[in-house]
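Naming follows writing order (A, B and C), and every chain is counted from residue 1.
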Amino acid sequence: MSTILDVEKLNLWYGDHHALKDINVEIPKNRITALIGPSGCGKSTFLKTLNRMNDLVAGVKIEGDVLYNGQNIYDPSVDVTWIRKQIGMVFQKANPFPMSIYDNIAYGPRTHGIRSRVRLDEIVERTLRDAAIWEEVKDRLKKPALGLSGGQQQRLCIARALAVEPDILLMDESTSALDPISTGKIEELAQQLKEKYTVVMVTHNMQQAARISDECAFFLLGELVEFSATDKMFSTPTDKRTEDYITGRFG
Amino acid sequence: MRSVYMAELEELNKKMISMGMLCENSVAKAAQSLVGLDRDLAAEVVAKREEINREEREIENFCIRLLLTQQPVARDLRMISSALKMVTDMERIGDQSTDIADVVRASSLQKIPEGLNFREMAESVIHMVTKSIDAFVNQDAVVADAIISYDDVVDSYFDSIKGKLVGLLKNDKSDTTDMLDLLMIAKYFERTGDHAVNIANWVIFSVTGENRGVQGK
Amino acid sequence: MTETTASAGKLKKTAGTQATLENGVHAVFLLCGVLAIGFVLCISVYLIIAGIPAIHKIGFIKFITGTKWMPTATTTEPSFGILPFILTSIYGTAGAMAIGIPVGLLTALFLTKAAPKRLSSVIRSAVELLAGIPSVVYGLVGMIVLVPLIAKLFRISSGATLFAAILVLSIMVLPSIINVSATALDAVPQEYESASLALGATKTETYFRVSLPAAKSGVAASIVLGIGRAIGEAMAIIMVSGNVANMPGLLKSVRFMTTAIASEMSYAAVGSLQREALFSIGLILFLFIMMINAILNLMIKRKKV
């Protein structure tokens, strides 16, 4: 099991607030890693450091290294748009652009220079199939994306993220706004995706983490308390704080 | 804090303690009925069987409902799933006691022959059952471990009694049926010890997560 | 028993007075609304009544397409062609928008997306100030600064030209465009921009390919607003445009529809065709503005849907 993201001594401040404290973790390749923890523990913040989306927050200070395939993504010489191409993100609430389904998917590739209609068609079909939504939308690619249901929109956003051919897909509570059936479809999708991609997901649904993730990281008050195989974390966690959280003993 | 959940876990604990006590009493009374050859006491033991079976079903249903509604993990999951397994062994202990009582009632035995240390064996077995349930209540893996080792004592009592019974049968001085009855009773006590060991193993699983595997039934 | 009937009685009484108050207030609201409609109706009706006769006498086509405006000609037949005014208004507005739209949009983008908070609030205050400056002050500054500058730059005798008017108008429409576009851009959900950035687009690409298109109905509304302001402006441009009834040329002295009315109304003889024709110009201008408003309403409705 190789490591695709190596986080070393990562610290993050929002102004004076020390939001991430000395995080050290190795994210394995082609696995689903779940990040769990109570509200405000830093799991979403941590996720956003992996594709430098935190750079956009005013007053943020980041120290430490995040090595992607050995290269530090925070090195000043690195092109941040290239990082975000390699490390894609799907958000909590589905956010398709107010454009057609086709244009939503084609947006990313067009940004990165692909203009050929033939290639774009191929990318659109391939990613919509990968996201298990092709059959549902293939006859209305030119219709507005906002006309789809919530679950479909989220799968569209996954397809859109896949269209730029990332290595890693970051999912920030991507099913928390969806009904159980849509959630189930996306969970299944995540499990298929890990063959070609690496998935890191933030979830506050512990059953979901237990169900589909291979590795699990527990965050509390900005610290990474425990990181282990999911089976182990949910049957015999090492740290008492982890056990107290997952059994619901602190609230 | 999941207060409803916490209350239900407490409730499970209480139910387990209550069933544990029922089983302890059954073993103690069965032993007493043997030693005193008290056929009325034996009848009481038999009468309790239905209650023990009912408690087992109740606790099983309770555990299954807890698994469905609360989706327990970690320590709680281990505790609830081991409780599910333990009640089976407890019910079996009840069965063994009933079987002992049945034999005592049906037997024509008038006196237990000299040198057969049934009393000591019974006391050891009662000790094992009591301690295994204590281990569960206190979630004490050390005590559980001690019980598992202690089973050797009960086994050696059984071997000694069996040896002596073989001797008595060879002598041809005693009633064969009675001797066989006593052999069966000794076996039932020994099996009770084994079930107490199973309970102890499940306690260890509940506390540490280590699943050592249990002895056959 | 008596207590309940007493309190029931009080309840009825308060209910009664409340109802009367409610009805009273509603009546006042209705009155205000009716008054507003009344004003618009009156103006419209008056304009139509005042404007129709001249159009009728001169002939609609001749009025609209005639290129000569000489209402007080004595040696020849007086002509009442208002095409110069119409074209000047159109060119002037178009020119103002040609400058105002890019500058306004880019400023709005800068304000909402790129500027640091403090700079942004300073610019916003400046824009608000611009919006509040009276037209006559614009005209004054234009006359004193712009007109001589243009004369010197292009080596013409007088700088009071269409060009000067366009420059002044473009500054005047900037606040409308900036404010409304900025509001529309602010309203673009940040999620769209996050999504674009997460796909590896740069901030600039995001602003032009996601934010602006998403804000397009608001931006369109701001443009229509700007057009409305430009076409209706009289005071500022009367001081910088030269006021000659020429067919429009960039460096020629020109007269707009608005300035045509403003400049001749004071001396047109009562009851004369000239005076009536001025009313007709007013009517045509009014029609233009009605059209623009109708388009604006259509756009706002579409945005709400």
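Convention: contacts are C-beta pairs under 8 Å (C-beta built on N, C-alpha and C of every residue); 3 or more make two chains touch, one makes a residue touch a chain.
Since the structure is predicted, the reported quantities are computational estimates derived from the model, not experimental observations.
Asker: Closest chain to the protein's overall Cα mean, using per-chain Cα means, please.
Answerer: Central chain is A.
Asker: Which chain maximises the distance between its CA centroid and that of subunit A?
Answerer: B
Asker: Let me have the rounded angstrom distance from the C-alpha centre of subunit A over to the C-alpha centre of subunit B, please.
Answerer: 53
Asker: When the C-alpha atoms of subunit A and subunit C are each averaged to a single point, how far apart are the two points in Å?
Answerer: Going by mean C-alpha positions, subunit A sits 48 Å from subunit C.
Asker: For subunit B and subunit C, let me know how many angstrom lie between their CA-based centres, rounded off.
Answerer: Subunit B and subunit C have C-alpha centres separated by 95 Å.
Asker: Where on subunit C is subunit A touching in the complex?
Answerer: Those in contact with subunit A are residues 189, 191-192, 194-202, 205, 209-210, 213-214.
Asker: Write out the stretch or stretches of subunit A touching subunit B in their complex.
Answerer: Checking each residue of subunit A against subunit B gives 206-207, 210, 234-237, 243, 246-251.
Asker: Flag every residue of subunit A that touches subunit C in the complex, lowest number first.
Answerer: Against subunit C, subunit A makes touches at 51, 53, 56, 81-85, 88-89, 91, 93, 95-99, 107-108, 111-112, 157, 160-161, 164.
Asker: Using the touch rule from the top, collect the residues of subunit B that touch subunit A in their complex.
Answerer: Touching subunit A: residues 1-2, 5, 71-78, 208-209 of subunit B.
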